[in-house]
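Multiple structures are listed underneath, in C-alpha cells.
What follows is chain A paired twice: with chain B in the first complex and chain C in the second.
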Partner chain A sequence: MVNAFQWWRGPLLAFALLAASRVLLPLPFVIEVVIFSVYTIGCSFLVGRVGFISFGQPAYLALGAYATAFYLSYFGTNPFIGIALGVLGGLVVSCIVGPLFVRLRSDYFALVNLALAVIVFYLMQKVLAGITHGDNGLWFLTNIASTPVLDVSRPDGFFIFAFLVALAVWVLYKYLDDSVFGACCLATKINEDKLEFLGYSNFRIRLLAFAIANTTTALAGAMYAVYLGFVSPEMSSPSRAADPVIVTILGGAGTLYGPIVGAFAYTGMKDVISKLIGNWELFIGFLLVFIMLAGERGIWGTLQPWLEKLLTRKSAPIATAEPPADSREKRD
Partner chain B sequence: MDAQLLISGVIFGLSIGSIYFLMAIGLSLCFGLMRIISLDQLLYYAIGAYLTYSISLATGSVWLGVLGGLVVAGIAAFAVERLLFRRIYERELTFSMITSFGILIGGIGVIKFLWGVVPRPVPVPIEQQVAILGTDVPVYRLVIVGLAMLVYVGIWLFLNRTITGKAIRAGIEDVEHVEGLGINVSRLFTITFIIAGSLSGLAGGLHAPLIMVDPTMGLEVLAFVFMVVIIGGLGSIKGTLISAFMIGQVVSIGSLIYAPLAQMAPFAIMLLVLLVKPTGLYGSAQLRR
Partner chain C sequence: MTASEEILSVKALNVSYGESQVLFDIDLAVRANQVVACVGRNGAGKTTLLKTIAGFLRPRSGSIASGGVSLVGRKSYEIAQMGVKYVPQDKKVFSDLTVRENLELGSYATKDYDWDRVTDYFPKLKVLMDRTAGYLSGGERQMLMIGRALLGRPKMLLIDEPTEGLAPSIVSHLRAVFGELSKSAALVIVEQNLPLICAISDKVYAVKEGRVVAELEDRGAITAEACERYL
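Up next is the complex of A and B:
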C-alpha cells in the first residue's frame, strides 16, 4: 500500500501541477506543453536510457500526424480512430526501419535518423504532393466529428483527453524505467558486451526501446493533427529536427519528468522571446551550447536531487556518477 | 532519353557530387581524427556562400568572393574549435553532435541577423559553354569538378607527403600513441578543423552561383551530405569521394527519369549499403571509442 502510494506519488503530483497550470495559463499554451512533453519523452528515453541520440524524431512525429490526417481527410471522421491509426503508423514504420537502424553504431544511428527525417519531409512535401497538398498542408478541421463523452474537437475537451493520454504515457514510462527492461536499456547503454554475456540480446532490447519511443512520438504527432486540424511537411523540416533534442537536454535526458519541465520551459521561452526579439534561432542555438557546456544535466536533473532531499527530509543518498540524475527513489 | 540530356545530366551530377565531396570531407576528417560529428560544417558552408555574395557584390569578382568565403569560414572554424570544441573532445560522440547543432542553429540566427532572410542571387563567374560530344555544357560546372579533384589530390598529398599530414593519419589510427610520441595533438586537431571548415566554405562559395543563397541553405544539403558520409564510411577520404560522385549522379540522373527519385533514391542506396555493411563502404569497423 505504502509502496503503491510511493510509486504513484510522482506522476500524480506532476500531473496535478500540470492540471493546476491550466487555471493560471492560457489553454493553447498548456495543450502545447502537454503534447510537446509526450513528443519529447520518447527522445529522452532514447538519449538518456538507451544511449541513442535521435535527431530523427520529427520523422515519426510527421508519420503519426499524416496517418491521422489521411484518415480524417479521406476516410472517416472519428478522431479516436484517427489517433489509433497514427500510432499504428508510427509502430509499423519503426518496426520496418528499426531492425536496420538499431544495428548501427550510435554515430551512424544519429546520422541515419536525421537523414530519415529529411526524407520524410521531402516525401510529404514533393513525392506524395498529390495527396498531401505539399507545402499547403492538409486541412481537415471540419471533418473531425464531435465525440459523445469527451469532445476532442473542442479545445477544452481536447485538453482533458491530451492530459489523460500524457498521464498514461508517463505511467507507462515509469513502469518501464522500474522494470527489468528499463535496467537492460541502461545496461546496453553502459556496457553492451556485459549485457550480451548475461544472456540478453542487445539487438532485441534496442529494437523494443526504439519501437516504444517512436510509437510514443507518433502518438504525439497524431494528437497534434487532431488538435490543430491541419498538418504540413514543416513538422519534419530539418530546422525543427533539434526541437525534441533541445527539450530533452533542457529538461534533463533520461529523467522521468525532464520532458515536462523542458517542454514547459522551452514553450514558455519561445513565446516570450519571440515576442521580444525576432531572432529565436540565435537564442536557442546558444542556449543549447551553453547547456551542453554547463553540465548537460538539464533543469530537472539539477532540481531532482535537491527536491528529493526536501521531500524525504533524510540525508541524501550518495549520488551515483553514472548515469546523471538517475537515482530512483524506488530501490526496494 | 536522348544523349544530350544524359550528358548534361552527368556533368550536373559530377558538379553537385563535387560540392557534396568538399563538404563531406570535413565531416569525415573531423570524425576520423577527433571522433566528433561536426554539424557546424553546414554553417561554414553558408558562411562561404554569403561571403561570396557580399564580396562579389562589392568587388564584382566572384572568384575573390569564393576565396574570401574560404578564408572567413576557416577563421570561423578556428574560433569555434578554440572556444567550444576544445572543451568537448573528451566527451561522448553524441555530445559533440548536439553542441555542433546548437552552433549551427545559432549561426543561422547570426546570418539572418546580418544578411536578412531574403534569398540572394550570385552571378555565375564563367558564362561560356563548351561542347562535349555535341552538347553544350557550362564551363563553370567543369571548373567545380576540376577544383574538387585538385582538393582531393591536395588532401592526398598533404596526408601522405607532409609530416603534419602523416601525423594526422597516425592520429586517425591511434590518438594516444601519437600523443605519446611527443606530437602536439591539440594543434593537429586545430589544423584539421580549419581545413574542414575552409573546405566547407569553399563548397558554399562554389555552390552559391548555382543556387540562391539563403540562411537555411546548410539544412537543405544536410541530408545529402550525411548520406554521402554514411555511404562512404566515416573517416575515409576515398570512400567519401566515391560516394559523393555516386550520390551526385543518382540525384542528377534520377531527377531526369522521375523527379521525386532525386530525393528518395540516395536514401534507398544508403539503406542498402547499411544493410550489407553497417559501417559504410570504406568505414573501418574498429573505429570505436
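Up next is the complex of A and C:
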C-alpha cells in the first residue's frame, strides 16, 4: 500500500511528544496517559481490526491488577514478577473464556464481556473479600521492593519502565497490523465466510486476537497495581466498562496512534474539565456524539491526513494508482 | 491422480433451509481434470449445491466424498484445506486489503507462494498488486478471486456464476483460463452462459426445482439447444 506517512515517523513523533510531556506536564498525568494507552490499544485492535466491541475490558484490567496485587501482598516483593503474574492471569482467563465468547458476534459479545466484568467486580468486592478486603481494597505499596537498574518503586523509574513497555506494546501491535494475521483479522471483520473459503478458521483467528488484546489489557492492570500500590473492585466496576471503548472511538478505532491520542485527550479532559465542572462525563458524552457525527474517525483519524501533508510537504508528490475515493465501489 | 479417478462423489443429497427442502436426492460425480457444469434457472438450487459441497450448509441426508473421504460434517475451512475451494458468485473480495494482501491471505493459508502461476493465468493482477481491492472492476475481482483460490494447487474448484455481469472480452479470457485450469484441477461451474458451457464442459447436470433432471456426458450432446431446455 502506498503510504506517504512513513511508519517510523509516527511513533517517533508520538513518543517524542509523550517524552516531552514528561517535562512539561505533571508526572502522574503522563504515567496515567501511558498506562491508559496500553489499556486501550487492545480494545482498539478488537474494535478496529476484528470488529469486536467489548464492554468487559475492566474485567481483564482488574484480573491483571489483582494477580499482581495478590503476589505483592501475600507472596513476594519483586514488582516485575508481580507484573508477569498479572499478564499470565489475563492470558489464562482469556484462554478459558475466549473459546466461549468469540463464538458470539457483535451485541452478544459486548454484553457477555460486560457480564464478566460484573462477575469479577462482585468476586473481588464480596466473594473473595477475605483476601481482597472488599471495597477497602488491597494496599501493598510498602511491600514493593526496590529493583536494580530500573527502580519501578519510584515514580521516575516507573515512568521510564511504563514508557518502554508502551513502546514495546506499540511495536507488537504494529507488527500484528502489518502481518498476515492482521490481514486475517481485518478479513474476518469484513467477511468471515470468505476467509473460510481460503482455509482459515475464523474461530482460531478471533480467539488469538481476543487473547492478545486482553492479555495486553491485563498488562495495563498489572502496571496500575504496581504504580498505585493499591487495587480495589472499582477497577472492574461496570460503570467504567465503556471507558476503553470511549477512548478507542475518541482516538480513532483500529489505528495505532489512536489509543495514545485518545488516552491523552481523555485523561486531559478528565483532569481539566473535572476541575471546572462537576459532571465532566456529560461533556465527554457530548464530545463523543460530536465525533461520531463528524465522521466516526476520531481525533487521530481526523488529524492523520493533515499530518501526512505536513510531513511530506517537501517530498515529491507520490503517484497513486487509485481512482478518487468517490468512485470506489463499496460492495463489501 | 489419474483422469478416471472420481474426485467428487455426491449421492442422494437432500438439503433444507429450515423446513423448506431445496435439494432432492442429488447424485453427482466428478472425475479428476473434468469440467462439470450445472445449469438451471435461478432458484433451482445450484448455488445451494455448491455451498453444501463446500461445507457452508449441512445436508439433511446423503453423502459427499472427495477422494474417498467424507466431507459431510466437516467445517468449510477444513474442506478448503483438503483442496476443494469455493469461489462464490458475489465477487466480494476483501475490499480494504490490496490485491497483494488478498493473495498473501491465500498463500499463508496454503503455504503456496507461487504467484507466478497466478499471474500467468491473470497477467493483469501483476500491475494491480498495490491497488486496494475495493477499487477493482468486476472482472478484476473475479480474476483475483479465482487467482487466490488457485494458491495451494487445489484439486477441485467450485465456481459459482463466474461470468455474470462481465464484459465479453473478460468472459473470453476466463474461458481460456478454465481450459488451462482443467489440466491441473477438476472444475465444477454453475453457469448460465451457454456458449461457455458448451465450449469447456465435459459433463453437464441440469438442475430444476432442486432435482437433477438431466445429465449430458457426451460432449457431442452438450449443445446450447440441449442446455436451453432446462433454463
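Please note the rule applied: the second predicted complex is superposed on the first by the 303 of 332 C-alpha atoms of A that agree within 3 Å, B and C clash if a C-alpha of one lies under 4 Å from a C-alpha of the other, contacts with A are read in each partner's own complex, and residues count from 1 in each chain.
Keep in mind that, in the parts below, a contact is a pair of C-beta atoms (placed from the backbone, for glycine too) under 8 Å apart; a residue touches a chain by one contact, two chains touch by 3 or more.
Just so it is clear, the model here is predicted, and its values are computed rather than measured.
S.K.: Based on the superposed arrangement, let me know which partner A:Ser201 touches: chain B (first), chain C (second), both, or neither?
M.R.: second
S.K.: Let me test your reading of the model: by the given contact rule, A:Gly285 touches which partner, first (chain B), second (chain C), both or neither?
M.R.: first
S.K.: Does the superposition put A:Ala187 against chain B (first), chain C (second), both, or neither?
M.R.: Second partner only, chain C.
S.K.: Tell me the contact category for A:Gly252 with respect to chain B and chain C: first, second, both or neither.
M.R.: neither
S.K.: Is A:Leu111 touching the first partner chain B, the second partner chain C, both, or neither of them?
M.R.: In the superposition, A:Leu111 touches chain B alone.
S.K.: Using the superposition described at the top, determine whether chain B or chain C touches more residues of chain A.
M.R.: B
S.K.: Should A:Ser239 be classified as contacting the first partner (chain B), the second (chain C), both, or neither?
M.R.: A:Ser239: touches chain B, not chain C.
S.K.: If we count contacts the way the header does, which residues on chain A are in touch with chain B in the complex?
M.R.: 47, 51, 53, 55, 100, 103-108, 110-112, 114-116, 118-119, 122-123, 126-127, 237-239, 242, 245, 249, 279-289, 292-293, 296
S.K.: In the complex, go through chain A and note every residue touching chain C.
M.R.: 1-2, 180, 183-184, 186-187, 190-191, 193-202, 321-323, 327-332
S.K.: Hey, which residues of chain C end up touching chain A in the complex?
M.R.: Contact set of chain C toward chain A: 54, 56, 75-77, 80-81, 85-88, 90-98, 101, 104-106, 108-110, 128, 130-132, 134-135, 148-149, 152.
S.K.: With touch defined as at the start, can you tell me which chain B residues reach chain A in the complex?
M.R.: Residues of chain B touching chain A: 31, 37, 84, 87-88, 93-95, 97-99, 101-110, 112-113, 216, 219-220, 222-223, 226-227, 229-230, 234, 259-260, 263-264, 267, 270-271, 274-275, 278-280, 288.
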